[in-house]
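Labels for the chains are A, B, C and D, by order of writing; each one numbers its residues from 1.
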Amino acid sequence: MKSPIPDYLAEVLGASAGTGEGAVADYIPELAKADPDRFGVTISTIDGVLYSAGDADVEFSIQSISKPFVYALALADRGLDGVLAKVGVEPSGDAFNELSLEPGTGRPRNPMINAGAIATHSLAGAPGLDAAERLERVVAGLSAFAGRRLEVDEQVCASELETAHRNLALAHILRSYDILEEDPTQVVAGYTRQCSLLVSTRDLAVMAATLANGGRQPITGEQIVPPRVARQVLSVMTTCGMYDAAGDWVTTVGIPAKSGVAGGLIGALPGQVGVATFSPRLDAHGNSVRGVHLFGRMSDDMGLHLMDVPAPSRSVLRKVRRFDDDGRSAIVFQLQGSLGFTTAEVVLRAVVEATPVTERVVFDIERLQSVDRVGRVMLLEVVRRLSLDGREVLFLDPDGVIPDPEPGDGGALRVVRSREELRAQRGGA
Amino acid sequence: MKSPIPDYLAEVLGASAGTGEGAVADYIPELAKADPDRFGVTISTIDGVLYSAGDADVEFSIQSISKPFVYALALADRGLDGVLAKVGVEPSGDAFNELSLEPGTGRPRNPMINAGAIATHSLAGAPGLDAAERLERVVAGLSAFAGRRLEVDEQVCASELETAHRNLALAHILRSYDILEEDPTQVVAGYTRQCSLLVSTRDLAVMAATLANGGRQPITGEQIVPPRVARQVLSVMTTCGMYDAAGDWVTTVGIPAKSGVAGGLIGALPGQVGVATFSPRLDAHGNSVRGVHLFGRMSDDMGLHLMDVPAPSRSVLRKVRRFDDDGRSAIVFQLQGSLGFTTAEVVLRAVVEATPVTERVVFDIERLQSVDRVGRVMLLEVVRRLSLDGREVLFLDPDGVIPDPEPGDGGALRVVRSREELRAQRGGA
Amino acid sequence: MKSPIPDYLAEVLGASAGTGEGAVADYIPELAKADPDRFGVTISTIDGVLYSAGDADVEFSIQSISKPFVYALALADRGLDGVLAKVGVEPSGDAFNELSLEPGTGRPRNPMINAGAIATHSLAGAPGLDAAERLERVVAGLSAFAGRRLEVDEQVCASELETAHRNLALAHILRSYDILEEDPTQVVAGYTRQCSLLVSTRDLAVMAATLANGGRQPITGEQIVPPRVARQVLSVMTTCGMYDAAGDWVTTVGIPAKSGVAGGLIGALPGQVGVATFSPRLDAHGNSVRGVHLFGRMSDDMGLHLMDVPAPSRSVLRKVRRFDDDGRSAIVFQLQGSLGFTTAEVVLRAVVEATPVTERVVFDIERLQSVDRVGRVMLLEVVRRLSLDGREVLFLDPDGVIPDPEPGDGGALRVVRSREELRAQRGGA
Amino acid sequence: MKSPIPDYLAEVLGASAGTGEGAVADYIPELAKADPDRFGVTISTIDGVLYSAGDADVEFSIQSISKPFVYALALADRGLDGVLAKVGVEPSGDAFNELSLEPGTGRPRNPMINAGAIATHSLAGAPGLDAAERLERVVAGLSAFAGRRLEVDEQVCASELETAHRNLALAHILRSYDILEEDPTQVVAGYTRQCSLLVSTRDLAVMAATLANGGRQPITGEQIVPPRVARQVLSVMTTCGMYDAAGDWVTTVGIPAKSGVAGGLIGALPGQVGVATFSPRLDAHGNSVRGVHLFGRMSDDMGLHLMDVPAPSRSVLRKVRRFDDDGRSAIVFQLQGSLGFTTAEVVLRAVVEATPVTERVVFDIERLQSVDRVGRVMLLEVVRRLSLDGREVLFLDPDGVIPDPEPGDGGALRVVRSREELRAQRGGA
């Protein structure tokens, strides 16, 4: 059997290719040379499987799509507060090349506008690096996200540098506010090289998947940035990633995203996928026309919208069974699915209602699919409270779904690995 | 056993109460009278269980928290395009009482600023209603969200009306642009009554949970607005709900939210919970100081941030088993957990790798916890493709997890309800 | 002989009529009905002689041209500080119907934008007048400027009131800031009547000439507002009268001016003339296309630009003559032209150089054309200083050009009315 | 006798010195070193006489006061249209160091803000000059205004260059819009040298007087820029010279002006005086506190406000006399004072009323003080029309007040130089 996913991608690619609208960026000759009809898409799962269609291997300059990744590097290197002192997180409502600084402090509104991205570039790596070291930190970091060494398109870079007047202007203003503490000219030179790194949609999809995967690169397995950093970056992409079309994007597509002027566009859905498209024709906001269309289609078809309510689950409580065991009343709660706050609350409620009449409580957690931090804490708190109420509590956990369970202060818990052992326990009581 | 959740809520309430910062809104005397030390919180699950602590039953005027709900009513009554023609969805970056209209059209930037909310009020109900009918549509709609008839605080309403100069100004400007097509004075009168409806955190938590639950009221079970509307409202709350602190809120708390000047604050996490707090002291953005603090704490403790990557799940593929059955090769894929795009992709990949060598394919879906639209579509497409490749495909689905499965064009599928039946099938082949 | 001025006006009218550009204001039906080809001009001297060409007697609604005159009334009635507390004097750089309020206070930037004009309307007359009394103060005041009772165009007024949404919005915002202390609806009603008063270019030219004449109506001779008020109004017209084209107007035309949306345009050059044109076609700034053109032509032809350096004058010192009179040295300074700071300084300088050698000093001021306050003060100070140095000082002033001359502390002065008397004086010494 | 003007200046200097408010500019160390108590004033007449008090000879850097003069040089070198294409003339309402560019074109709003002044610097001299040549044009031009070679304060210049980040930013933005066509770094270097030129109030007063004198340097007599350029510069100073306090300045002081951050302040009243003050303490607008106070005092005392209506003149018509001369009726109009549009109109009116009954018309213009272009044109038109009506027209003009009078098409005029000649003419007729 052939996987239907590439077929699906080919189909939506075709459907989105119809539009001949938009124009290739022409503010520098090198970008204007781009073939306007190139069109590619790649989806990367968070365990590193890639599906592509169209011109997925064509390389183009990363441009503004570098911004969230360098923001991630800066956050990893300087800490959240260190970066927030220099660059904000509020949407600007402004077009992509406008000055948008906080009155008084000169702090760029967010790291996705040029002013913020220039400041962010200077925050990657340790303070005090020279310009070459700073640039190497950025290139190495982006390469780590991509899983391969990325190279600069020297022609694009030279072309951009020649007309980098706005960025130089921004850098000088940032320098005047001490947002930038280094030589503005060198920072812009470094930032321009950053934007000129060559990538394909394959690279970008994996990079996006790394953010969706809590900062761990799906293929190399390297933890590029901590989960808290990935969360921060995705949050900022949600409100600031699509320039002044942020609200439209969040309502219709609902995937944290970032676009670049060379035609790239990425989306990253936490815990799910990274997606990248490439089509150089841009709309008035500076976003890829066909990329935006394709993302809308995929969000609808694949249910990837952040605000889509998940499908109703079967109850976390598969069965509740009571029995009398040698004169001792007992109850078994068989759990299934994911245990998080919402589902743990259901368990907890059932226990509250049921416990008064039993002496022994068994949680059969063999069918639990996943357990997050708060689900674990809540279940163990239930165990603790049951213990303090004089109940004997057991986990039936053949696969170690909840490792090292510690019910805490005053709690007691026995873990059994099989039904046989459970039965033996029962007999032994 | 006593549920630990109220204890938890009481604990975080205490921790957040420490701060005496902020000031009660004083632009009208009735609000200035509020007891600044009131503090309450309620959490509502999407199946309608409420947990509260503190002053959860104290009533206060809903104020701006009415905005997302009336936006939902307008979307339900006029359709997305009908509402978008009059009110945008872009964050404004402006403070809560400023004019923020799109140049040229006069369209308010979003429904969470006053200009947008006034326009939205006039869009609830059918066109052509008179002012009293329009207001009744709004009150009845909000009451449906709350699950009880809400009443106006006549003193607050009268007090607000006396000083409604800014809202009157906004309404007249909107009228000048034909965004408002009704008498501005009457619309402001209706909008002021809307804002003066009395609610408690219990009401608000259930109302928020209704949005989190795809528009279905958790207690009454009524579908107040369609799921697509709830998604739109949550999206707009994400980018526009917290005035000019939207970016800060999304990064730190990460829950679609809305605050009101009387001290209320709600959050709604799709598929999970509705939360409401009440504390009248406001910060400079007009948001409840202790409410913001409490939400931050709960988001962290309970893992409610939108961008938090879910806990790693056990693979959707519990077991893959091959056997030879009377000379016919067969393979069984035992699935567990949730089937959506991400997990369906894993199944699909396994099938692609495995199928060439078997003649019969069984999907044991008894342990599937949930199946969303795209998961269903993908699995059935796999069935179809396997059929076309000449395979015999069966679902073992005792509980009807996938109702009415239709593999479509050229596909064939047999569903069996028990292992015995499966064994019989096998024998019968 | 026929005066060449009407011929000149007819000629420039013809030259400016060529352009068919611009469009009649169409935001209300009554204005849209205006005949776009009407074109008239009137010049009023500050002694009340009128020269006209074209449609000088056609009546049209005064609209925004009422603003400077009502500002004058408010200044006269409430004092400069009383008005400045509510309305500023800074150019706004904004288009004519935009909100342009000072952040924080809500004070309109100047009285020539609508927000400022609405506030100004409420400042005409004493505090506490009711709406009808306030309106009567305004109508009576404007009528005094025009020298005849002005009447409201009731159709225009009714039409404007129906679509006065923006002005109502502005009034409500001003009320919210307490800039307006009266009922916004009534103030807008009064302001709309003010704008609907019917005038011709003859009326407007005389009204403008009144401002140019220090507030004294050239025909009736009535002092409508004090000179200091007229100066304030002309100053504000200079920087704020032509909406966002103020800089362009000042550089090219250089005459304090104000335009109205019905097609009127006035200019007032201090001490010289009032000019008014009427042509309903407006440019993008809302100014009359042909009016602007005509003013440019007149400014050039007639040397009316504020910054035009006056023609070089013959020296204020016509002759300085020394002689010996019966053994007493004497000197006569024969003055001519205007005596102000600049010319008094020349006199003073000559006296400083000349006096050491004479015993008697005569100022022959028969040929002085005018003497302003500072010229008088400076000349009398010279007299005082000469007296203190022991000189005998005389004025030969047959026509009483300097009435009641008092050289002050320690000064002595004899005034003679004829050369004969002077000769007698000389003999008598 | 001692001139009272220095005494007056000393007195107002003392009165204005009282205020210890304001603070020395401290954005660069060199300016912060300035002695805050320095205070000087100089008045220059337009014939080059200087009056000073206080620290009139102390040198300080010219800073922004260079802007109007370099604007004058650019206008002289590139023409009005050439400069308008790059720099506008509209007030910006912005503070002195803000970006204030026209949307779309990037054209600075006016030449008095930094962006406009930087662009203006690059427009001085011919296109294509190298940076050193451009700078020499600027320094030579400013020196010509001052009447002596000005020198750069190298320490101030070096200090400014070190912190010229904002100006570099502006220059790069201007370069990005092609407003600036040269290397931004070199233009800023040149502009910074321009601002670092050392001047005293004596220099500045003469420079201002040059503008007031139609571009002719009062002392050297050199025509530095054409009169039309001086008029343009004074117009722009009126609306844009005092940053965001322009309206306040025009209403209260009413003199075209420009301030500099080192504490200088100049005013230029067309046809009258140039004034300069120096006091380093600045107000929040960046204007010298004591300079502003002093200017207000002088404007009041000396009647220098642009909008002050001039003192009433004696009528331009001194006498009208009719007589019968050997059977031929004749009329003599004796004129006095200044002949401009306003006064010529009076003459013209008298002639229109009087002429039907006479055959010979004499204009006795011996007592005319000045005649401007339009006055001359109007009087000669009267002559022409009288000729065409069959009248004989004579000028009695002993001093050649109206040189080369040509009444034009169909006109005839005889000029006599004395009453004797007039009498002889009469006899000869």
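One rule holds in what follows: a residue touches a chain if its C-beta (ideal position, glycine included) is under 8 Å from a C-beta of that chain, and two chains touch if they have at least 3 such contacts.
What you see is a predicted model; the values in this text were computed from it and never measured.
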Which of A-B and A-D has more C-beta pairs touching across its chains: A-B
Chain at maximum distance from chain C, centres defined as averaged CA atoms: A
For chain A paired with chain D, centre-to-centre distance based on mean C-alpha positions, whole Å: 64
Centre-to-centre distance between chain B and chain A (centres being mean Cα positions), rounded to whole Å: 21
Chains touching one another, given as label pairs in label order: A-B, A-D, B-C, C-D
Interfacial residue positions of chain D with respect to chain C in the complex: 1-5, 45-47, 49, 88-93, 109-110, 212-214, 227, 230-232, 234-236, 238-240, 244-248, 250-251, 254, 256, 270-273, 301-314, 336-338, 340-342, 345-346, 348-349, 351-352, 355, 367-375, 378, 381-382, 385-386, 389, 399, 401
Residues of chain D that touch chain A when the two form their complex: 99, 163, 165-166, 168-173, 175-176, 184
